[in-house]
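Next up, some structures in structure tokens.
In the two assemblies presented below, subunit A is common to both, partnered first by subunit B and then by subunit C.
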Partner chain A sequence: MINILLITFAISLIYIGIANRLSTVINILAVQGIILFGVSFIELIQINTINLIFILFETIVFKTIAIPIFLNNVIKKNNIVREAEPFIPDFASVVIITGILLGSIIISNIIDVGHVRKMFFIVAISALFTGLFIIISRKKVVTHIMGYLVIENGVFILSLSAGSTMPMLVNTGITLDIFVSVLVLGIFVNRIGNTFEEMNVDNLTNLKD
Partner chain B sequence: MRGLGAILIILTSFFFTGIVFRTKSIFSGRKGPGIFQPVKDIWRLFQKGNVYSETTSFIFRIAPNIYFASVVIALMLIPFGGQKGIFSFTGDFVFFAYILAVGKFFNIIGALDTGSSFEGMGASREALYSLLAEPAFFILMGSLALLTGYTSFYDIFTSIHFGSSISYAIGALASFVFVLIAMIENSRMPVDDPATHLELTMMHEVMILDNSGFDLGLIFYATHLKFAIYGAIIANLFLTPGKEWFYSIPIFIAVQILFAIVVGTIESFMARFRMSHNPQFIFALTSISLLIFLTVLLIVGKFL
Partner chain C sequence: MLVYYLIISFLIGVATVFNRNQTFRIVLLALFMMVQTSITIYAYLHIGADDLVYFKYDALGVIFMAVLTLLSFTTIYHSFVYLRHRRDNSRSQSIFFAALIMLIVAMNCVYLASHIGVMWVFVELTTLSVAVLIYHERTSLALEATWKYVFVCSIGITITFIGIILLSFGMGETVQIDFSFKALQEQLLVVNSSWLKLAFLFIIVGFSTKMGLFPMHTAAIDAHTAAPPPISAFISTTLMNVGFVAIFRTYSLFAHTVIQPWMNQVLLWCGLISIIVSAAYLLKVKHLKRMSAYSSIEHMGLAAIGLASGGIGYFAAIFHMILHSFVKASAFYQIDQFHRNFGTYIISETGNYFNRNRAGGMVFLLVLVGIIAMPPSGLFITEFWIFKAMFASSHYIFLILALLFLSFCIYSLTKNFLYILFNQTKDLLPSEEKTVASETWSQYFLLALLFYFGINPPAQMIQLIEEAVKYLP
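Presenting the complex of A and B:
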């Protein structure tokens, strides 16, 4: 069952590559939150109740509900155009994301990943690199936040793969990280929106000392 | 009883496209034509003579026949439940893919033979999209071959069995990929709109603009047969070999009707993609097939 959820997660990574509207990407992020809820629920059912409730809260309330609403608000408030506007064509995105998936399979077979399970490792690594790829290939600042959130999901899966031995501290760290990043980037986005008309990274090239 | 699969596919092809049209008409609130209307249209075309352009050569004349013949040969390879197809040999799924490709090739050079610029454009698009859909089919069939250890349709479908939850996931994903490959190969909605009437946006339809009468009927009927063939492949995933024929045939017909309704529903609720969005959509199918391959590797424990 966990494997099915992880494969669904990998399919959602491919779908991000061909999604050409921002709202689609936000929906995918919400779905990924639900998938992570499923994985963590099955995986961590043995650990103590408080920790479990905390993780479930993090996946459902935070990843599935709060972040999509927040991102939608940012988009609506700043009148951001709904297309994703990548630097490279979508076809190349899909090819590169597929390459990332294959590469992470090969990497996980070359190196000895120890007590981390391989399926988790593959999906986590490919989520990390897909997030990075989305950050470098999309123009808008909002899309950078989305890529960052995909990276966060990858880190979450990687920490889940350690199983029930995961300390509470890692969790708190992840949540705090997301909170700070989304808030800071949100403020950043809003400020850019106030100063410049369009929110492209291209505008940053005009900045001088 | 080797020919049972072929007979059932031919029977299905009579009403398959009719059900697709009927579903579309119900969703758009029209009364719509009857289920057998497409077959009646083809019968009407079969009674007509051909009109050939003076610029065309013999290639244009033989192309529809070869196209139809290739589809009929492909049809004979499909097994049904516990029965083999009329031909069955090791590696026949490769033969299946390339006999369909031969038909498509003749369709394409037939279109180029007319010298029309529109038809050349349509042919180029058709070639591109089937080129992109080919790896998806091969990776998928290769994964199934790896899972079962056999390389012919009959052996693959008889020895595939759904035990654990992950094999159900493979079955669902494989059906999904097969449905979309069937839509691409038959030039249906998400990539190509068969009802469009502007040459610049047509793909398959523009290639057959110069065909008329009997040839046009052959091409249309080959499309119906191809749909039924893909439906039969999907149905074979769910036909377990131990079952008697009186279970297998209703399952087969039910899967085909369900497939037709799914196609009609997709066509009713999806707009055609922009031409530039098609390649990434088709390539995403290859990516999903690769994930199926990964899952199979996980099951057989070869690599992971």
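Presenting the complex of A and C:
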């Protein structure tokens, strides 16, 4: 079951590569939140209720509900054109993301992953690099936040596969930090929308020597 | 004690947000500084004690806490000066000071954290609070700098978190892992070296966003350019100390494992490339604040090299960070005055500053002596020790390259500072307002500390630094 969920997650990464509309990307992020809830639910079923509530909160409330609504608001408020505007064609994106998946499979075979379940490692690493790839290859500032969220999802999977967990308090701090940084980034997107006419990274090249 | 500190600071911060009265604002900040000073004194008197489960008053933390407290006084004073001249409305002043209080508290907690996860949380908190301060001037440049800073730091801190998870991979699933520094140090001894290397690389790359070390130094440079000068002083000193403390603690974690020689190589390369990068950019820099920022990168490179060289290098690296904090802070406070005098930061549009503002010009001259590590500057002693450590650990090629590129840095800094101070070939507009000499007193005080500590470092400080490096190989 976990493997099916993880593979669905990996497929959703490829889908992000060809998603042309921003709302599609946001929907994929929401679906990823649900998948992560499923994975962590199966993983931690024997652990106490507090942990369960915490994970429910982190995946469903944050990743599936709060952040997508917030991002949709940001897009509506700034009248962002609903296309993702990648620098490179969709086909190339799919090829590159597939390459990333393949690469992470090879990497996890080369370094001795050992007791860490290989599937988790592969999906987590490919989510990390896909996120970075999305940040590099997209023009819009909002898509950068989405790339950052994909990276965060990868980190979440990686921390699930580590087996041992951080203390509750630390975990809460980490979740809150991530949530707040997304909020802060969103606020700055709004500011960028007010200051510049178009919200492209081309506007952000004035600081140089 | 720490819990009271956090609660009281939080209350003062909230009160600062809603307060619109200037007198009451000064009272609140004075109150905060009293709390900050008392926690520092308390920490010094209780070295080695744990507090609030995840914090510990250890020697390294207390040293940098003391530096932070000292610089908080001057930064708050210069922030008042800066805001008075900008004539900002009361609301934006309130937000400014509330963010400043949050930043100081977050940095304090990073210094004291004894748990790698807690440290992570507070490092991220410093990013978020300093973002508000960088964006204070509300210009499009400030917006760009803030966006880049928050984004790069968030990615960086995520990379660090991956490193921390990778550490736990190496230890196996079955054991319950304790992520406090003390327990981790013992647990790491049995971990496979390839996991350790991977984890170290991720953690060091992530924290280098904060320290301004080579792989991720760019964010800090842009932030310096756009931030208000008193805040640049903080970014360049205490916030870089945050990165240094994080890297130092990570280094001490790994120092007893098999990867220690490899780790030294990595840090040496990071340090050397930082120096090369700063030398290259300093040669063509046009903006005074960017110049100071690149000079900070150079000093961070030296500190990393000191850490990697071992022996007296550990001691020198910490001492270097402390003294660098004093000189760079006074430089940035003076840059604020400089900006009010000329209305620009571009070096080629200025000149003859020594005659226009004698007190401020004198500060720049002393800063120059301090920053290029010319005796009697305290940085001369620490750089001498760092090079001695490199010599002792037989990193001759690194030593030669570092000295070579350091001379480029010294040339560029001297050229630009002397241009600002003494160039009389241009007809400049008279300064818009009379600069007040009394605003430079705090800068002279910090510079005096720099020179005094170089000649006669206080025994308590030496003792603390020795305590901090005691367990390193």
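The rule is simple: the second predicted complex is superposed on the first by the 194 of 209 C-alpha atoms of A that agree within 3 Å, B and C clash if a C-alpha of one lies under 4 Å from a C-alpha of the other, contacts with A are read in each partner's own complex, and residues count from 1 in each chain.
In this text, a residue touches a chain if its C-beta (ideal position, glycine included) is under 8 Å from a C-beta of that chain, and two chains touch if they have at least 3 such contacts.
Keep in mind that this is a model prediction, so the values were computed, not measured.
J.: Looking at subunit A, does subunit B or subunit C touch a larger number of its residues?
T.: C
J.: In the overlaid three-chain picture, which partner chain does A:97 touch, first (subunit B) or second (subunit C), both, or neither?
T.: first
J.: So in the superposed three-chain picture, is A:119 touching just subunit B, just subunit C, both, or none of them (first/second/both/neither)?
T.: first
J.: So, A:14: does it touch subunit B (first), subunit C (second), both, or neither?
T.: First partner only.
J.: Pick one for A:49: touches subunit B only (first), subunit C only (second), both, or neither.
T.: neither
J.: Could you list, by residue number, the parts of subunit C that touch subunit A in their complex?
T.: Touching subunit A: residues 54, 115, 117-118, 120-121, 124-125, 127-128, 131, 135, 140-141, 143-148, 150-151, 154-155, 158, 161-162, 165, 168-169, 171-177, 179, 192, 194, 198, 222, 225-226, 281, 284-287, 290 of subunit C.
J.: So in the complex, which bits of subunit A are touching subunit B?
T.: On the subunit A side, the touching residues are 1, 3-4, 7, 10-11, 14-15, 17-18, 20, 89-91, 93-95, 97-98, 101-102, 105, 109, 118-119, 122.
J.: Over in the complex, which subunit B residues touch subunit A? Could you list them?
T.: Answer in residue numbers: 165-166, 169, 173, 276-277, 279-281, 283-284, 286-288, 290-291, 294-295, 298, 303-304.
J.: Going by the contact rule set out above, which residues of subunit A touch subunit C in the complex?
T.: 111-113, 115-116, 128, 132, 135, 141, 144, 148, 151-152, 155, 158-159, 161-164, 166-167, 169-171, 173-174, 177, 180-181, 184-185, 188, 191-192, 195-196, 203-204, 206-207, 209
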